[in-house]
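What follows is a set of structures to go through.
Next come two complexes built around chain A: one with chain B, the other with chain C.
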Partner chain A sequence: MSENTKILEVKDLHVDFLSYGAENHVIRDANYYVNKGEVMAIVGESGSGKSVLTQTTVRLTPGIISQGQILFEGKDLAHMTEKQLEEVRGRDISIIFQDAMTALNPTMRIGEQITEVLMKHFVFTKAEMEQFTDELLAAVKTQDPDAALAAWLTEYFRPNEKQMALWASQLKPLLSGADPRSAVIGWIKTTGNMTKERAKETAIDLLKMIKISDPEKRLRQYIFQFSGGMRQRIMVAIALACRPKLLIADEPTTALDVTIKAEVLNMIIQLVRELNSAIILITHDLGIVASYADRIGVMYAGEFVETGTSDEIFYQSQHPYTRGLLKSIPRLDTDSNEDLKAIEGTPPNVTRMPKGCPFHPRCECAMEICRQQAPALTTLSDTHAVRCWLQDPRAAEVRKKFGYEEVQP
Partner chain B sequence: MSTQPILEVKDLSVHFKLNRKNTVHAVTHVNLSIQPGETVGLVGESGCGKTTLGRAIKHIYEATSGEIFYKGESLQKMSKAELNKYMQEVQMIFQDPYSSLDPRMTVREIIKEGMRANKLGTPKEMDDRVDELLEMVGLHREHARRFPHEFSGGQRQRIGVARALAVNPKFIVCDEPTSALDVSVQAQVIKLFNDLKKQLGLTYLFISHDLAMVKYVSDRVAVMYLGEIVEIAPSDQLYHNPQHPYTKTLLSAVQIPDPKVERSRKKMVIDTEIQSPVNLSEVGCRFASRCPWATESCKTKVTHLEEVAPGHFAACTMAAQHKEDME
Partner chain C sequence: MSALPGRNPPVPAHAFRGYTQDMAKYILRRILISIFTIFVLITVTFFLMKMIPDGLFSDPKMSEEARQRMRALYGLDKPVIEQYFIYIRNLLHLDLGDSIAYPGRSVMTMIYDPATGNGLPTSMRLGLCSLVFSVLFGVGMGTVAGLNRGKIWDKVVILIALVGVSVPSFLVAVTLVSVFGNILGWLPTTGFSTPREMILPTICLSLGTIATLARLMRTSIVELENADYIKTARSKGLKRRTIVFKHQIRNALLPVVTVLGPLSASLLTGTFVVEAVFNIKGLGGYFVESITNRDYGLVMGLTVLFGTFLVVANLLVDIIYGFVDPRIRLAK
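And then the complex of A and B:
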């Protein structure tokens, strides 16, 4: 995979929280990336830091970034000002939260909540219009005019397919006209700029897309008038209103029933595929991960203990925690009534982290070194990396004893 | 079945009045019998009435009509003393281990409360019993002095189990005991349930929406939809040969944690949501509006549980036909 397909890349991120006068290292040395058009899943138990990591990625937590970079399209979110971040949040990166009832505003109509984000990001000031126009004029001079125009429209106006064709045909003659600068500014003022009417139309389209019937009437309703599945779908609509480049779905279906879960997830994945955006899917449900994820990051106690492609994690996992997790989930399709294999013990508390590898108190393969020193990341393939002492050549015997030698094809 | 069931629910309905016009039909005409030593799983979507049924059995809710028999005796005909005995022998474990334990009581007080109310022994005996119970559920006796907030979710659920076991129950209603727990901890709690059953000869009604989990604990599984049991069968049969369309959709919606299996599975997706259980009509199959196989007659015919195979009951007029289709 080439460098330029990575839409988000988080490098060596450390996040600390201050509580009880102590500095707690909640996220330690997190490295992950998301490619365009990909579903990246982050799995782990509650308290493993998956929500903190992703929310800190868009700087929504008060956590202190003591080290590391968050590169989104090459720009470092870790050092952006609040004003710059506002431009990115909701427009380029949006989040679907776990609990729609608390994430949405109970005193605002659904319609207002959907249009709010559109009015925030697509109503421009005079200075912005001039700046956009200059960028366009510069771009068409140096690049293929059609491609430059399409890229420019997508970057600032996020049109759907129909609008794209229409707007491109409107703008093209303006560019070859007598005074392209004022003509394009005029176009932005009349057409490109978001209006209340167009925001409402977009909202109606979104409700249709998420299969809510009678959208005009529904827009005037409040969140308590919707069922759980519908609320979650409204969150999806709001998150996708600006056609974001990256969607963070934080346990989007945990509060839903099995029958609706599949439906909401299919909808999210399908819509995001249409937009050619990327998804970070946070969940503890390995069934969902198996169905949708291209790549998986397994988190434990604030660290990625293993990252890899879906097949690498499910069939060639090298970390005892990943293996334990896979063995502890009940499966519908197995015949035998064999007992589930639980991972004994509980995840550590961040204020009382064990010395060495954070998983060693629960690990069946724990060795002396695991109690003394934290393991480093070992790279097994381009996509597969694991943080475990078993990878050390000196641990060959232990590795054999617990069956980590044989790697399935 | 020759032995007397430990618990029998006959034609039980539980309705809640919302106001003069509207009634919630939480449970309607449910029949269920449970043999001693058996674990019956009860599955269904939220709002299908599974918790209401469990609570009606625990006598938290009064039945609107129908009867519950415990060891052959009807609850309605029991004297106060007998009912007290019933309430002692039938215990409940709740879904949320955070809100079901009093935060101002120590673990010892929580576990002892039931014993004290039922006058089970002297204070010294009760204290010894608390220590014994804590060890039985995998905690330490030192934990008795602590308060609930000092424990993790899995540990709290163990305290809830110890509290239920304190009064020597015969029958335990487990209402989603693992759904608030983390995956790695869920397996621990399930193991505890299975061990205790073997050790103490308990009977469980295991309520859950997690079909895969239910499979690991149950001898028989009942599927509920909008207040009715639509299918009940021995666990293997239900999972391998489901008859009711609703059971089929439920099973197909469960995602299997194995990418290769998932890629090759066919899915049945229903894209409508469960109806509201307010003022349900008595005619027609309640699943008809979402059922992919529904015919006109489904909307008018009343469905009853019918035996499709030994011990396997399904409430679908089309069940026999589906069977032919599949063969």
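And then the complex of A and C:
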């Protein structure tokens, strides 16, 4: 898999919500992308729009997309029909929600909740089988047959490593046989198509993968019979059941006991890396993303105020809000008697947005211009961008006063 | 365990039972509680009835001697405690005593008359028909309304529910009789034995219950529309229909199941008006008469009967609830 190919790219996204007849611009001009196989973190306080933004990415919110594109593998999710979206959700992009206790059905057995997503996405109609077969036959003619076969299997059947080897060896002779079309269709019918038994086996494998013992018995249990950490791991298993290309982890460890936070997060990252998938990690805690994230987007009041690589955000941050978040992380090397610095105040309500830069009422470097006009995005490097008036050449003095050294290109 | 003496801490034997026994244990516990409830009900009703002055024998025209004879005949001359034990003993033999207002008839034959088949079986049939009808239509209408909130079907259901709750059943009954029975002549207006005869009484009796259930189900469905696990189901790419049938309706039914016990009791005891309008020979008439006649034997008998029915209905609801909601069944 080639590096730095964008699997998801959100361009100039504006999302509005209707409440009490008024239109609220909840997400304004959001731009972000996720590369294949990378960990992208979105951080910000509660109410900064992280969850709304990512859930709107797969169109799970009732928000109205007034402008912009959501490109997933080149296809625009913003203009897909509900039926097309169903094919993407759960199969290509899946979500881990914050609290598994409420995010899983209390009256449905765990096993059923895992297998239903497999049965949804890997049971095919006759027309689909024919279409897949024709695509395969066309691909092996023009490309390297082995690579084409592997890509085809991954796209439609999401095999694990063992299945991949087995199925490729079954299919190869069929392709060079007398009637490859009906032979491949026959293979899909007998082997590729998901059955209840195979779905159950997959569910058992998933429970083993998330280290839950006695999986066969556990599959027949309900969510309230599991401990907090196990619940969240089951949520992970369900999200990864179809081996998605992108996982959105929406504060996956916030509801957990502090002693198992790291364990669950480590498990998520490790499993996603094994699948070679990308992950969007949403959190309000910059501390936990430090060790995992390749790139970080900092959100405030429905906008990205700063985006950059992990290093750029941690060592060269240019936005006063990002700096405020960084100062609020407890560190081992600081004097333990020193108070942690919190950012004064609370994020603005979306119905009463301040004029100008939304952060200016809480910003220690706020200038007159910040009260009057919202800043534009300034690009500092290929990966680093910031939305702040301090970047304006005329603000050099204030920038120096507060210690925002210029970033050398 | 004897292989490791002293190793295992003493653990009661039931700690080793399997999960499958949980439901049986749950049901057994509920049955024992129900029996106790019925016993308390009988006792309280008995002593309450004893506190009311006995009307029939306080007629000033009756001689003192005749009054004593009557009291002895009904066993009322004995101490109250003794009467109580006699009543309980008779009750265990399914003997509910004699009616005072209808001399010579026992309460048991009034509740069920084997000669004519009138009484409880008829009321029961009417109640059950209405219960099934109400659940099907109430839950169905509520679901349709909840899933189409704010649209035309929602408004239709809300209107029907409002009418069902606010219009008294005698008005509905008389209107239905005159429209479908007399003007259109489609359906018979008396009796309750053939399926065609059963239609109008069932609708009359169910209307209020349908309204209650529809409103409850609608609220429940609407609340779940925003539930986290419904969003999870959507994030899995499941079809809307699958989500509604597999995830939403089952969970939305939980509050509905809770009210089924009291509702079915009210259907059985609320048959007076419908039985009167359609000339159905059930228990509804006795239920009202027995009070105005101060027919203590019959009041006691019917109270015990309906009380037991209510307790059993609630027991059934608890058991159904256990099946629908695993959290109840498996709670320690």
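Just so it is clear, the second predicted complex is superposed on the first by the 398 of 409 C-alpha atoms of A that agree within 3 Å, B and C clash if a C-alpha of one lies under 4 Å from a C-alpha of the other, contacts with A are read in each partner's own complex, and residues count from 1 in each chain.
In the analysis below, contacts are C-beta pairs under 8 Å (C-beta built on N, C-alpha and C of every residue); 3 or more make two chains touch, one makes a residue touch a chain.
Since this is a predicted model, take the numbers as computed values, not measurements.
By the document's definition of touching, of the two partners only chain C reaches A:M108; chain B does not. Of the two partner chains placed by superposition, only chain C is touched by A:R91; chain B is not. In the superposition on chain A, contact of A:H121 is made with chain C only, not with chain B.
In the superposition on chain A, contact is made by A:Y222 with chain C only, not with chain B.
Of the two partner chains placed around the shared chain by superposition, chain C is the only one that A:V58 touches, whereas chain B remains out of contact.
Using the contact criterion defined above for the overlaid structures, shared-chain residue A:A183 touches neither chain B nor chain C, since it reaches no partner.
By the touch criterion defined above, A:G324 reaches chain B but does not reach chain C. Once the two complexes are laid over each other on the shared chain, residue contacts for A:D99 go to chain C alone; chain B is not touched. When the two structures are aligned on the shared chain, A:L71 is found in touch with neither chain B nor chain C.
With both complexes placed on chain A, chain A has more residues touched by B than by the other of chain B and chain C. Across the complex, chain B meets chain A through its residues 45-46, 152, 154-155, 182-188, 190-191, 194, 209-213, 215-216, 239, 249-251, 253-262, 267, 269-271, 273-274. Chain contact summary for the complex, chain A toward chain C: residues 55, 58, 60, 82, 85-91, 94-95, 97, 99, 102-108, 116-117, 120-121, 222, 224-225, 238. Listing the residues of chain A that touch chain B in their complex gives 45-46, 211, 227-230, 257-263, 266, 284-291, 310-311, 314-315, 324-326, 328-333, 337, 339-344, 346-347.
On chain C, the positions that touch chain A within their shared complex are 227-229, 231-240, 242, 246-247, 250-251, 254, 324-327, 330.
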